[in-house]
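Below are structures written as structure tokens.
Each of the next two complexes has subunit A plus one more chain, namely subunit B in the first and subunit C in the second.
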Partner chain A sequence: MNTDASRNDLVKRGNSTLGVAAVLLAAGALLGALLGALALFEAFAVTDAVAGLSIARWFGVLLAGLGVALLGVGATSRAGLVRSEPDRTAGPVAGVAFSLVGLVIGGLLASQTLGFGTLWPIGALIVGAVALLLTVYPRGDLGATLPSGLLSLFTGIVVATGVIAPGWSWSPIPGSFTLPGDIAVPLLAIVVGFLVAWMAARAYGGFGTQGKQASAYLLVSASAAGMLALLVVLVSYIVVRGWAPMTEGVKWGLFWANWTYFYVPPIHRYVVIDGPVLWFHWPFVMNGHALLNDVNGIMPAIVGTVWLVLGAIVFAVPLGVGAAVFLTEYAGQSRFTQLVEVSTNGLWSTPSIVYGLFGWAFLVPRLGNGFSILSGQLVLGFMLLPLVIITSREALTSVPNAYRDASAALGVGKWETIKSVVLPAAMPGVTTGIILGIGRIAGETAPILLVAAGSPFPSDAPNVLTSFQLSATPPFVTNDALLQATSALPYQLYAVITAGVNKNAGLAWGTALVLLLVVLSFYAIGIASRIYFRKRLEA
Partner chain B sequence: MSDSSTTETAEDEQPTTTTTTAGETVEEVQDEWIEYDFDGPAKFSATDLNVWYGDDHALHDITIDIPENSVTALIGPSGCGKSTFLRCLNRMNDRIKAARVEGSVELDGEEIYQEGVDLVELRKRVGQVFQSPNPFPKSIRDNIAYGPRKHGDINTGLLARLLGGDDREREEELVERCLRGAALWEEVSDRLDDNALGLSGGQQQRLCIARALAVDPEVILMDEPASALDPIATSKIEDLVEDLAEEYTVVIVTHNMQQAARISDQTAVFLTGGHLVEYGDTDQIFENPQSQRVEDYITGKFG
Partner chain C sequence: MSTADGGRFGRLQNLDEGTRRVGAGSAVTIVATVAAFLLFPAATIYPLLGFLAVVAYGWWRYQEATAKVVMALMTASTVVILGLITLYLLWQSVPVLRQMGIGLLTHVGATMWSPNDGVFSLVPMMWGTFLTTIIAMCVAGPLGIAGALFTSEMAPRWAREIIKPAIEVLAGIPSIVYGFLGFVIVNDYMMRELSLPIYGSLFGAGVVIGLMALPTIVSVAEDALAAVPDEMKDGSVALGATSWQTITAVTLPSAFSGVSAAIILGVGRALGETMAVTVMLAHTQTLPDPLYDVFGPNGQETLTSLIASQYGIASGDHMSALFAAGVVLFITVLTLSIGSQLVEARMREKLGGGA
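The block that comes next holds the complex of A and B.
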């Protein structure tokens, strides 16, 4: 059996030349892809010249170099000059991937360069079939490196010689879609860079099972990194653009005032202070919209969003948790609970504009006959309800039955058991559901537009806290502020953007950043309470 | 090898009569021990107890008297119905939807399977310790005080504190008494406010025993309480069971025949199919069983 040629060494010592070359190759390819991504997000211009050559052409040089290196790696492995353990073929997945790339390139070449006209599928099929054959037919090491190396070399030459350059553009659908060269070059660098890195990872593992392992690891970690990068880009995009408008005019300092007074808007009072005063003025989040303001702010919208979300929570959480307790602990598995489950899931996937329409037609005429915070709170509460039910049910079912048995064996009744053992154990899960739900409703625009929206740029915030009034007749407690329309952050953002005034872009970005911060602070509260509930359960 | 075949009699179409190689039927054997005589009153007496899980007839015509202040072991192979029988004694079977119980179980001469039985009161009198330790994810103190607090025997809530009816001292006493009763006080007295899940498995099981003691039961049912524990923790539980029998009636299910022989005063042997095959003094069951099947089971030839 030892004569079996495909048997590999049990112990591998030291870094093989192949491994080192493959790591360098993969690093170069990923660097190319990263630079491409940066260029795509305008971190630098591809037209800039570095060492006498435009960056676009440097991309071409890099890709061509990668292609040559990859071909070299494959060839030395095939010739047996380095130790590798290739499979008989590079496999169907790589085959399909490269034949698709080949189809695209062949089609483009046939129609754009060679002028085949409507016969372009012939070119596409020929190149695609060649790529498939090149990948699948040769031994694993050659099959993995040949198509990707040729592709990289070809693209590199095309870009480096300036055939595809920043000035170049391509309009497959004239008048509606144009791919300019300064986007095409980075895109090519990203796509080809990833293909080369994928195959370099195979080379790193010696092309065999180990190679597939390494390339799979590269692909999944690249997905994770890409996801993270997308998030970072998204958030930093908003922070970079929103920071300046948000912090405009911020002033603060510590003063020793022996008789200073200032106006506190929420209580409409002047407060007199005799002593040290920490003075803090943040106009964008403390001002409303008025002519005489130093900086126009969005305080009414922030307060509106906070009240809307708080009201929705107060409405939906007790109702949702109660329903979940009933469904999980009291109603056994039956047609009824299945029906409720299906309709809960349906409610959760119902588009928010439908909720808004319902609120507009049903709630608004019945609650003060006008757009109001209360209607908004209820509609957002309706939207939050199904998620609270779904996640609470999951949390309740995951509480071990051993707790219920232990409690019952002590002679404790069902409701007492639920209250003292089951619900506390389920609280972390319930809180997670509420956190997720807040993320959704805080950013909702459509229902607010239909049931709660007043002026998008009011000068004053709704005075919900100070408007509670007791009366001797039903309903005993009234709150005028709850029955007034309000602004809210997503609604204001929508209003700014659709107003179409470009000079207000700063206001929009600042509003977006504040909305992000408001949602994040709700998250922070939720996560802190989840940690608190979990701490109580853990040793 | 013994051949333990089962024949069905046509009388009531129920496989209640089992023949052993010795040719004796269960009925005959029962004649030997149904008169099993013990000093003192019976705590439990079950008569013709049958249990079904759906269509599965899990217990057949169990008739047994369990004496007060002693340890009764229920042994037998897996699936023989010994745990099912145990759960009949505090009606925990009611919590299983598919379970149906027929027959009679009397606790101190009072039928527990009749209309109007207060399950809360029954389970306060008949406590249970489960197979795997299941303390609540609360502090050690809260675990023990849980039952009495819920029954209103001890009140440490905010309202009680405001009204001056705070029972905290009584709670302290209760916690200490129960932990001492479960031989756990020495190990945990300095960390009563720590979460019970931080204890070792054996400590958790003794905490569960202490928790059961806290509601002041008369009977403690134990369903293989040591099967998830290591030998040292097991021997602590066994010592504890013997101590408990001075004050409480203990009914313990176990897989482990040595354990049954060590700690129990009388032993009931259940065999496959949910039949109670033999019941008597532990010494007699292990040294001189009446039934061939029981002897085969005890000597490890079967089961």
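The block that comes next holds the complex of A and C.
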């Protein structure tokens, strides 16, 4: 059996000299872009010299070289020296992209270098039109390589000869920003590098349909990889910076200490029972703020967040699940259901600051006339409510009707059916939705800032549990702690920022990390349980 | 009990006795509770106790009916809460509207926001919101769609099963954390490298908001792309199209509504984003000069950061003006939300209910 038959000429892969050259080109261009990004993030200084030439100039040399190589690849393909299947034209997407680049370059040349003044659009249009023509008019291989090769060569020469060098600067709007050369050079390397890599990928696929596929995949994958890398870097940066302050002074140990002792009357002696005791002290999450603390911590903020979230759950979950059951099981499709749907979706997308504003002006004066945990709980509850309704409805509608029919066929009433069949079946979905909702409201800052925020650096946590008091006069049950302002994790971070990050850098990064851990663990648990229950449902 | 007299009254009479008794009792007491809370907050407890008594009695006597009535009340209260928020915002913003007239939304001059002189124009803030949203969408739009395409169409199965939940978890990063990073890293970097005249810029804030909206857009757009039936893609591939041709000619057009709903959702997020802009901007209630200058010291305020930075010092017309800012935000976002629902409904219709 000839196994090659299955991967023969049905789909042409870039395997020729053209393919090898294109891969090298694309790799060089992406390397240039990557180095540019590193220089932009100050991994190294572009003014440093390598082999007698500053890195900035090396960027220029690299770009010029890429340009020449790309032009060469295009020319050999056009001359028929290598096998390729070019389309008749490079296509409208490349045309638009390069004419935009041309517009920018033309505009800048005309206004900045040649001094056209207000006539700069003429220069922009001329260069843009030339770039468009160069891309769209020639055959696919030339159209793809000519404008990008020329662009790379031109930029490379400008950078390599030091026209745009680290000492160069440009401030187009007086009193606004100044673009220095050591930012401009890496930026140019990134933009031009991506454009060259894009067109090199076309060459890899032989400039035809396969080429377009390869180039699109390259661009999309590079963007996605860059995006993921950026998000991962963000999170790990917080972990790295926050870990030391968060774990500062953690002490623990295993001791042999007495558990309990009691007096035994007949023998007139105390009996002492000893056992191993784990002692654990984590100052950052167990301390408040005080002058004499070894490590100032955020315990009041953590406790505040717990109370706020608990209150929101107590308020929103029964209300939301009840509404969802009524809408799904009793109401059916009607005008009323539609109205509720629009309302819940509207509530769900309402910015949190609007809830905060409402709570500040409506709830705060009516509930003890001051910032209070209770107002914060209600406002967060308003925010949680729509999410609970939406996810509970989804979970309830996904319960198969056969369950309800079977229960009804046994002569069970509607409410009994809902209570003992439908709700248990929908429970996983409902719980998942609630967990995700908690993750969202636990990180909300704006509403807390407006209705519940107290001292920025509190020393004690609100004492809600022990503050309940019964009385003979209305409202019979009072809790002073609930009517007091509190801190909360997101508010704590805001307070540190407004108080000045430099003075409290450790506290800020540590708080950010704890907040991130709390919120993301809610999300992780919610999403993991959703995946688990979905898999179990499908199995 | 006859249905002959028809109409609403007839329908009420049709309800069984339990529903009627519990319904009437609980409706009266709950309305009394709300009224008491609004008018005499101290006396709220009496009607509330009455309501609880009615429900407890109903639960013991007619459980089925009580459950239904209570859940109907819960549903109604959701609608009432949205209505309450909307009406209260509108009502509170009336005084400034009476003072400024339509100038609240259009007045442009040397002084546009000065609580001391009683001049309140939301123009600079609306422009600031517009600029930051545009910048944010320039970052999040292309990257978000690329991310969704990659996750849904290009990544191998194992990678997709890691990336998808990871992106969803990332969508949960609180905005204050982004604000903190923006304040410490982005603002600092731009100040140092671009010699900005003031600590903070619309550009930096817009980029940070864009990053924040990114996971949401990826995750919603990915759902839309994954909802395109495999048969449609297979048909295209069977005709000899490459997978990229299939994506551009079949997958993206059929998921177009869903992808645009994702973008609309992202715009909503960017508009309503509060903490990052509050922390990062310099709070200057002027128009940038020139208008497109997103680096300069002027115009650094959005509708959300205006409310968050001034609620503490506001009273009278000033407070009312903050409510007007809230109303503008609320209406814009509500419009976007309804728009995206319509778009999604269209998509469901187009794909034959398979989504």
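We take it that the second predicted complex is superposed on the first by the 393 of 539 C-alpha atoms of A that agree within 3 Å, B and C clash if a C-alpha of one lies under 4 Å from a C-alpha of the other, contacts with A are read in each partner's own complex, and residues count from 1 in each chain.
Everything below uses one rule, namely that a contact is a pair of C-beta atoms (placed from the backbone, for glycine too) under 8 Å apart; a residue touches a chain by one contact, two chains touch by 3 or more.
Keep in mind that this is a model prediction, so the values were computed, not measured.
Residue by residue along subunit A, subunit B and subunit C are tallied for touches, and C comes out ahead. Shared-chain residue A:Ile527: touches subunit C; no touch with subunit B. Residue contacts after overlaying the shared chain place A:Val340 against subunit C, while subunit B stays out of touching range. Of the two partner chains placed by the overlay, neither subunit B nor subunit C lies in contact with A:Ala39.
Once chain A of one complex is fitted onto chain A of the other, the partner contacts of A:Pro400 are limited to subunit B, with no touch recorded for subunit C. In the superposed model, A:Phe326 lies in contact with subunit C only, and not with subunit B.
When the two structures are aligned on the shared chain, A:Pro180 is found in touch with subunit C, with no touch to subunit B. In the superposition on chain A, A:Gly413 contacts both subunit B and subunit C. By the touch criterion defined above, A:Val519 reaches subunit C but does not reach subunit B.
Where the contact sets of subunit A with subunit B and with subunit C meet, they give residues 413, 416. Within the complex, the subunit A residues that touch subunit B are 332, 400, 402-403, 405-413, 416, 420-421, 424-425, 536-539. Looking at the complex, you find that subunit A touches subunit C at residues 173, 175-180, 182-183, 209-210, 212-213, 216-217, 219-221, 223-224, 226-228, 230-231, 234-235, 237-238, 318-320, 322-323, 325-327, 330-331, 339-340, 342-358, 360-362, 366-367, 382, 385-386, 389, 413-416, 418-419, 436, 439-440, 442-446, 449-450, 474-476, 490, 493-494, 497-498, 501, 508, 512, 515-516, 519-520, 522-524, 527-528, 531. Against subunit A, the residues of subunit B that register as touching in their complex are 90, 92, 95, 97, 119-124, 127-128, 130, 132, 134-138, 146-147, 150-151, 194-198, 208, 211-212, 215.
Listing the residues of subunit C that touch subunit A in their complex gives 37, 41-46, 63-64, 67-68, 70-72, 74-75, 77-79, 81-85, 88-89, 92, 142-143, 146-147, 149-151, 154-155, 163, 165-177, 179-181, 183-184, 190, 193-197, 201, 211, 214-215, 218, 242-245, 247, 265, 268, 271-275, 278-279, 290, 293, 295-297, 304, 307-308, 311, 319, 322-323, 326, 329-330, 333-334, 336-338, 341.
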